[in-house]
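Here chain A shows up in two complexes: once beside chain B, once beside chain C.
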Partner chain A sequence: MSNIALNRLQRECKEVVTNSEISETGIMIEILNENLTEIKGHIRGPPDTPYAGGMFDLDIKIPEQYPFSPPNVKFCTKIWHPNVSSQTGVICLDILKDQWAASLTLRTVLLSIQALMCTPEPKDPQDAVVAKQYMDKPAVFKATAEFWTVKFAKGHLDVNKEYQTRVDKLKDMGVREEEAISVLSCNNWDINRATVYIFS
Partner chain B sequence: MADAHADADADANSSAITIFIQDRKTSKRRNLIVKVKNTENIEKLTKNVEKLTQIPSDELEVVFCGKKLAKSTIMRDLSLTPATQIMLLRSPNGAKQVNDVKNGINLATDSSSILGSFYMWCKKCDKVKRGKLRVYCQKCTSTAVLVKAEPQNWTDVLKSKRIPVTCENCQSEGVFAEFKFKCLKCNDLGAALTHIRGNWQLAECCICDAKEPIVMDLGCNHITCLACFKKYLLSTLETFAFINHPPYGFTLGCPFPGCNRVVQDVHHFHLMGHSEYDEYQRKATEKLILINDEGVTCPNVKCGQSFFWAPYDDDGRSQCPDCFYSFCRKCTERECICHRQDDLTKSTIEATTRKCPKCSVSTERNGGCAHIHCTSCGMDWCFKCVAEWKEECQWDHWFH
Partner chain C sequence: MSSSSSQTKAPNEEPTSSSNKPNADETARFECNICLDAAKDAVVSLCGHLFCWPCLSQWLDTRPNNQVCPVCKSAIDGSKVVPIYGRGGDSADPRSKIPPRPKGTRSEPPPQSFGGFNWGDGLNGPNVHFSFGIGIFPLSFVASFFGNGNANNAENGQNGAGAQQQGGSSRADGTAPGSRMAGEEEYLANIFKYVGIFLLVWLLFV
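What follows is the complex of A and B.
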């Protein structure tokens, strides 16, 4: 990694760590290796969203060309969001692609992702199934996103009992919990369709 | 010339300069060589000239770079070289010249207009150097000119026929100034780098936070240090992510997010280094040829020249004007294989790629959604429809 990149990263890490941002803004980073190529990001689910109360972890990989190429950022906590793949955690955000600018920092990236959690952009989705649900059945979307937050992001809300019952039914048929949640969510919690999807 | 240089080097504080006297009282002209010291002022110069020519010093006006100089101007501020020519004007009726700053410019206080904080790309020094602005008559290239109006901005200096002058040499009517930039160090001519400026406020580079004395500013006040800008250029060159931005050509934008200023003069790309600059030029030409229907790139691996094919090449074949390699424009082979079925390369490319509906560049999708953003022409298209990306594609072609 070049000197510019290393100096930049050291400063950026300090910027996020020393600000004790987690209490103020709900973002934090954790350094995983000495040469700063792998970093863990944490975003607290913003209040008044289905993600409230959850803690979301992100994998940040710093490319050789940083800061002239964007960092590679994806969710490692599973999240139900139109602009994030429910399978892989890949994020669709313009500043992580063609709108990246060399003067953006890890802090601005995490804050932008946090803003994306508050206001999804279903017209430019990463996960079309989620986006469709967000547009057509907003109530189901909200309940599903909350369910995912409780299950995967240590959210402290009460788990949706009805949804949990359906997950348990699939589990009884030998389906892994994670797959059961995923398939049910994609099928608007219709257990018959979910069963057909899994066993056909 | 070489000797003169040696002299100047031997005695750094003094140099011999050429003086051109236009005596408007007697309508005579003469040239003189005068030795001046760096610490002397213009008044001393006119006194010396008086000794040599018997023209009273207070009847002389000193003109340099198209402007009258104040008598208090110090020679050092003119950054003279042995090749410099200074013009002295004697007033027609022998009237005394008013000896004050109001009538001339004092370089100690108003140095920006001549010496300036200009930067230029000096080929000889092979780096960004401070430059000095010099003024010539556009018609006869003499330096014996006096500007009729002050240049107000870069356009006045860089575009021709903006600033009218009176030329004492050719005395033509309606002539304009021609501005040139010379390296302060080696005196070679070079291209002005209009985006480079001094960092007066010692502001931080928007990429690395360093406070460097010389910075890039595309006119938006978002500053970048030259080291970071060089890196930025090189990383853009790696994937040739320069955007075609007429009339500037293939260029790149301000590294500040959301700022849409672009580099307006590709001379700044010299910052990358020789071979990289050459590579930039070659690839920019190639790209320009690609987006033009009549453009073609020679498929000969040893050549790669880009050229426009002539309309009479209507049999589908062209010959490279550089290496004379003759080939089929469609399959780019010497022996056309367009109609052969057994070409593995061709069939593999056909099987794995689809052509951009705008520029026809073969595009492989190695992952992600069906939304393709063409890196060649910038079109957004759907890999399933092979047509412009629409909202229906957004919903229906996601997993295809």
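What follows is the complex of A and C.
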């Protein structure tokens, strides 16, 4: 990595660590290796969203050409969101692709992702299943996203009892919990369709 | 960015921090928007954003068909950025691979009003400013036709006397020969020359 990138990353990390806004915005970073090519980001779920109360972790990989090409950012906490793959955590966000600008920093990227969590863009989805649910059944989407937040992002809300019993039923059939949640979510929590999907 | 800086600045704007005490915010204003370090070989885009020339040049090189400002995404042109010359800098060796930083453009102040005679205003001391403008419509072309050759002579003659002449038709001295502006001026001068010849012929024969 070039010298400019290393210097810049050190400044960016300092900016995120020392910025007084952190307690308000709820973004954090954690440095994983010394040459700063792998960084872990944390975003607190914004209030008044289904993600409220959760803590979401992100993998940030800094490419060789940084800051002239964007960092690779994906969720490693599972999240139910139209613009994030529910399987891989890949994020669909223009500034991480063609709209990247060299003046953007780790801080602005994390803030943008947090803004995306507040306002999903179902018309430009990463996960078509989630986007369809968001448009057609907003109530189910909200409940599902909250359930995922409680299950995977250490959310403090009470777990949805009805959904949990359905997950437990599938678990009794020998399905891993994570897979059970994923398949049920994709089938709008219809346990019959989920069973057919898994065992066919 | 502006919102965060205004937030962080707010507590510093109390009377305790005066201009003689540069704080972190003070220096941050002159950081390159790409490397986030103090700008070296500083240039500013027409949209007003500050960069190191090497940083901006590399940014524009990485996306040749999408030349936008990294901050505000307005269209920018690598040759139309304004270099900033501070005091005492510029001794650095020209870096081999990076294209040279574009030159600043100078333009002459606008010519003074028609027929104005300024006899030594207080600022310039005893210097005499003498200017003549463009006359009545067809004659002005004639004047500019003949003016080209005479203006140079007149200038040469008057330089010794310390008088400054600003002829309506004399070429702006600031343009470098061979630059685009010089080319345009040449072209305009030629057009006026032909129009002048045409009008002379028309006046004589009609």
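Here, the second predicted complex is superposed on the first by the 197 of 200 C-alpha atoms of A that agree within 3 Å, B and C clash if a C-alpha of one lies under 4 Å from a C-alpha of the other, contacts with A are read in each partner's own complex, and residues count from 1 in each chain.
In the analysis below, contacts are C-beta pairs under 8 Å (C-beta built on N, C-alpha and C of every residue); 3 or more make two chains touch, one makes a residue touch a chain.
Treat the numbers as computed from the prediction; the structure is a model and nothing was measured.
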Query = Would chain B and chain C fit next to each other on chain A once aligned, or clash?
reply = clash
Inquiry  = If we overlay the two complexes on their shared chain A, which of chain B and chain C does A:I4 touch? Say first, second, both or neither.
reply    = both
Ask   = Regarding the shared-chain residue A:I95, is it in contact with chain B (first), chain C (second), both, or neither?
value = first
Message = On the A-aligned overlay, A:H156 touches which partner chain: chain B = first, chain C = second, or both, or neither?
response = neither
Which of chain B and chain C A:S103 touches, first, second, both or neither = both
Query = Touch check for A:E12: first (chain B), second (chain C), both, or neither?
reply = second
Inquiry  = Between chain B and chain C, whom does A:Q65 touch in the aligned arrangement: first, second, both, or neither?
reply    = both
Query = Can A:P125 be said to touch chain B (first), chain C (second), both, or neither?
reply = first
Task = Select, from 6-14, 222-230 or 384-392, the region of chain B that bumps into chain C once both structures are placed on the shared chain.
result = 222-230
Note = Overlap of the chain B and chain C interfaces on chain A comprises residues 4, 7-8, 11, 65, 67-69, 98-99, 101-103, 108
Task = Please name which positions on chain A make contact with chain B in the complex.
result = 2, 4, 7-8, 11, 65, 67-69, 95, 98-99, 101-104, 108, 123-126, 128, 132
Request  = State the interface residues of chain A toward chain C in the complex, per the touch definition above.
outcome  = 4, 7-8, 11-12, 19-21, 65, 67-69, 98-99, 101-103, 105, 108
Key: Contacting residues of chain B [partner chain A, same complex]   = 206-209, 222, 227-228, 231-232, 235-236, 238, 255-259, 369, 373, 391, 394-395, 398-399
Key: In the complex, chain C residues that touch chain A   = 1, 4, 7-8, 33-37, 49, 55, 58-59, 62, 66, 68-71, 73
